[in-house]
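The letters A, B and C name the chains in turn, as written, and every chain counts its residues from 1.
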Amino acid sequence: MAASVELISLEEVRHVAKLARLELTDGEIATLQGELSALLDHVDKVRRLDTADIPPTAHPLPLENVLRPDEVRPCLDREIVLAAAPAVESDRFLVPSILGDSP
Amino acid sequence: MSEGTEGHLLDRGVRAIAHAVRSGEATAVNVLEEALGRIHEQDRSLHCFNLLTEEAALAAAVRVDDSVARGVDPGPLAGVPVALKDNLCTQGIETTCSSRILQGWRPPYDATVVSRLRQAGAIAVGKTNLDEFAMGSSTENSAFGPTYNPWDLTRVPGGSSGGSAAAVAAGFVATSLGSDTGGSIRQPASLCGVVGIKPTYGLVSRYGLIAFASSLDQIGTFAVEVGDAAAALEVIAGHDPADSTSLGQPAPSLLEGLYDGVDGLRVGLISDFLADVAESCSKAADDAGEALARAGAKVEQVSIPEMLLGLPAYYIIAPAEASSNLARYDGVRYGLRVDGPDVETMNARTRAEGFGAEVRRRVMIGTYALSSGYYDAYYGQAQKARTLLIRAFEAAYERFDVLLAPTTPSAAFRLGAKTANPIEMYLSDLCTIPSNLSGHPAVSVPFALDLDGLPIGVQVLAPALGEAVMLRVGAALEAAASPSVRGPARVRRAGGEAVPGE
Amino acid sequence: MSETAYETVIGLEVHCELSTATKLFCSCANQFGSEPNTNICPVCLGLPGSLPVLNRRAVELAMRIGEALSCRIEPSIFHRKNYFYPDMPKDYQISQYDAPINVDGHLELPDGSRVGIVRAHIEEDTGKTTHVGGGGGRIHGASYALVDYNRAGVPLVEIVSAPDISSAAQARAYVTELRAIVVAAGASDGRMEEGSLRVDANVSVRPVGSTEYGTRCEVKNLNSLRSLVRAIEHEAERQIALVSAGEAVAQETRHFDESTGLTHSLRSKEEAYDYRYFPEPDLVPVVPDEELLAAARAGLGVMPAERRRRLAELVGSDGTVEQIQTVIELDLDGLVLAAVAAGADARLTLARTANEAAARAEGARSLDPGRFAALLEMEAAGKLSATQAKTVLAEMIDSGGEPAEIAARLGFGAMASSEIDALVDALIAAHPAEWERYRAGDPKVAQFLMGQVMRETKGRANPKVVTAALEARKG
């Protein structure tokens, strides 16, 4: 099953794991490298398709302009929402310190 | 517990139950008690349910019977026990997607389909097991253990809606809701010997369906008979202003003309899958074609090579959308949180621990397919392949009213048979995926048994909003199907084989 | 070797909160200042299973901004911009990417220069994060953070200018004008201090005359016009210093620190973030149909440029640009137009409004234009001196009343020319030496003589009449 040439490098796997916010062990990274390579090999025929002049389909539907009126409706009870939260302080969601700035 | 061939009212299907309850011939409470009795006895072997909602169900059944007694309309599905796939939000009731990351989460709102069922008088008895976040074809990816096929406990029920399919096959409920993104209703329907309908994209509101792949997901129904699955679908279908992708037209009538037969209908049997599926499955499709021809349809083989683009295109598009839809599970607002010194680490640990291996795989491939430098080659190309497939379907529907195909490449496989190689598992969706990419409706109807005595379904595909003709053909297939594959598994076994759980 | 002169190239990204009643994709109230997490629902909280539904009014207002900025309004779609941050309920933002609703517009500044508008698109706002612990609420060193999602999902229009701005002052003028435009369009209340108008600056430098762009840095955290100016000036200096020393400017995002006036690099930035944009599958395209365009155009209001034109037509544009700007900024142009329509002299009206009424702008907005015109006529006719007219005006604004009645009560009114003649004669008699110098044409002594008369009459004398009297006696 293992592809003789991996279609994705370990470095790329690590980079993708970072983008996807998944903390993976070295073992998991290595396994994923094999699995993702196999999958990329499998979907390669799509990559190689000649699609000049073919528009992409984002939607199977012919809908347009689905809009709603600008009218206030009741919202959620804060207590119920905060009760589901892992950590709360001063009626806000508490998270550990944020290292980066909002991109 | 009745074991006669007629069985309890619960075994006579959605329409019969509703009729009996509405007319006062039977009580909702009685039907519910039968259902719960069976579940208590046998579900520990099958594991269809993640959760039962007995008290609420009983209260609902009492209300239905009370309405009937007072002469108030209890709704078109009055007293019908129904099971809900555990990726449908149920207010105040745990909804997990069979994932550790949502274990214990109680949505503060109901999915639209859940409210519609309730308003119709249906009785929701519980939340069914699924492959985690609907990603899988066997329900083995559930974080809470697999569901077992009622026909053979060593085999899978299919997935991702394995619990919902098995619950109907086991006679626990008259109908259940599932979701279908690449075949997750039709494939388990085939493997469990029941009917499974995936409607036209946009026919049924997705509001409250926990998203896997937004442009592909649709909610649909399971039942033993085509007409019953259609009756349940009719209740949940129709425009919802809370879902921007919900079709504006009124839902078509699904039951009208259901038994009018197929005389003169043009049926195209898709030849492109036949080489890639087990002989029993291609034979079932061929036999189905012949049965329709005998009933008056014009049946022809048709080759639509673009069908084979479906699987690879799907395994780019679905994970890509999923990688974005599942980003919100970050331990901040609800669900599992695994602590870390900073929020970035907390997110990464929470998601690594909370998501199972298949989910992680798909999030990874999806992220990659969208990432800078790869978008055009993968996601961009896949969306174009989708266009090619849609055009091919449209061309086919100029010549044919419906298309016919196998539902699955094989009957139910053994637990663990395909878990070593993800790609092998993905191949289970070969015949079902194209309809998700095109947004067209499709139904799987149990048609035959294979040499191991396991059920095989055949698929009818129709153009957008073609449910009526599709179900009409489905009903004709049902009439022509092998008698050994009809009726719920438990009833069929009454003639001497082991009943699940014993 | 000669020193290279550098020029600064600036592009601005301005986010405007739209003044809709509800959020962009759900029916929660769009309201500033509510108790934390009280305007939230499954949609804006991004709960599993929730779906967005687009606010019609937000589309109308976005189109209105497009009209006001002379953009082409195009069919558009939404995209997902994927990144993780605690203030993002879905960990993606629904925005617009390569098919935005408004493209290719421009904005005219009061001084007549033009800045191109590349695009103005719709997107949803994020929640608000408060950093706790660490040094004084700054990001670095904070020990935890608290998130409020009231603002999550509020509709924004992001307006991206072309890099046509060449100085901090011009940047300031651009933001001022843009704010006036979106307010006039009724699309936003444009309050920087409340966050309904947010500015990020892209700054680069290059040798004067070069046509290639230098590496640009994005500067964030500009909470006022003053910060905008200071940040741009500092950033330009910083970049010029680097480039002059032969060093490269790193492409990065920098944070402006108000207390130090400096920008510093944000720690996490190693490379441009990969947002993995793809079309939003939960929403369908927006097409500018007749109904939407009609709603957009109705209620567009009068743009600041048009208001300037109307005043300039009345008064001519030399020497009046600043007065016109002041009057419009204070919403007093209506007063000027009405007073002139009632017969007052245009330039005098403009001057009195920009210089005197401006100091009492709030009251001036309800000043009766007819009475204002009457006062100005009195001044123009010489019945009141300038000083007197200003005093009467102040009282009219503060307490109302008729100009003639107020003037009489205050004992104002033209002095009889015989009174002035008598005073001037007495003055000449008392200051013979100065009188000789006046006759010889000494301008300083003219001022002295005038001052004497004004002091004697406590400002009541009309300077024109006094001057005429003096001139008449020159002989």
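Points worth noting:
Keep in mind that, in the parts below, a contact is a pair of C-beta atoms (placed from the backbone, for glycine too) under 8 Å apart; a residue touches a chain by one contact, two chains touch by 3 or more.
Keep in mind that this is a model prediction, so the values were computed, not measured.
A summary of chain positions shows that the Cα centroid lying nearest the centre of all protein Cα atoms is that of chain A.
Set against one another, A-B and B-C show the most C-beta pairs in contact at A-B. In this assembly, the C-alpha centroid of subunit A lies 41 Å from the C-alpha centroid of subunit C. Averaged Cα coordinates give subunit A a centre that lies 24 Å from the centre of subunit B. In this assembly, the C-alpha centroid of subunit B lies 58 Å from the C-alpha centroid of subunit C.
Among all residues of subunit B, those that touch two or more other chains are 105, 108-109, 215, 241, 244-245, 323, 327, 330, 332-334, 343-344, 347, 367, 371. For subunit C, the set of residues that touch two or more other chains comprises 42, 45, 53-54, 84, 86, 145, 147, 274, 276, 281, 283-284.
In subunit A, the residues that touch at least two other chains are 19, 21, 58-59, 61, 63, 66, 68, 76, 81, 93, 95-100. Residue ranges on subunit C touching subunit B, taken from their complex, read 42, 45-54, 80, 82, 84, 86, 89-92, 145, 147, 274, 276-278, 281-284. Put simply, subunit A touches subunit B in their complex at residues 1, 8, 12-13, 16-17, 19-24, 28, 32, 35-36, 38-40, 42-47, 49, 51, 54-61, 63, 66, 68, 76-77, 80-81, 84-87, 93, 95-100. Those residues of subunit A that touch subunit C in the shared complex are 19, 21, 58-59, 61, 63-73, 75-76, 78, 81-82, 89-103. Interface of subunit C with subunit A (complex): residues 20-22, 27-29, 35-42, 45, 53-59, 77, 83-87, 126, 129-134, 139, 142-149, 220, 253, 255, 266-268, 273-276, 279, 281, 283-287, 289, 292. Touching subunit C in their complex are the following residues of subunit B: 88-89, 95, 97, 102, 105, 107-109, 111, 206-211, 213-215, 241-245, 320-321, 323-324, 327-328, 330, 332-334, 343-344, 347, 367, 370-372, 375, 379.
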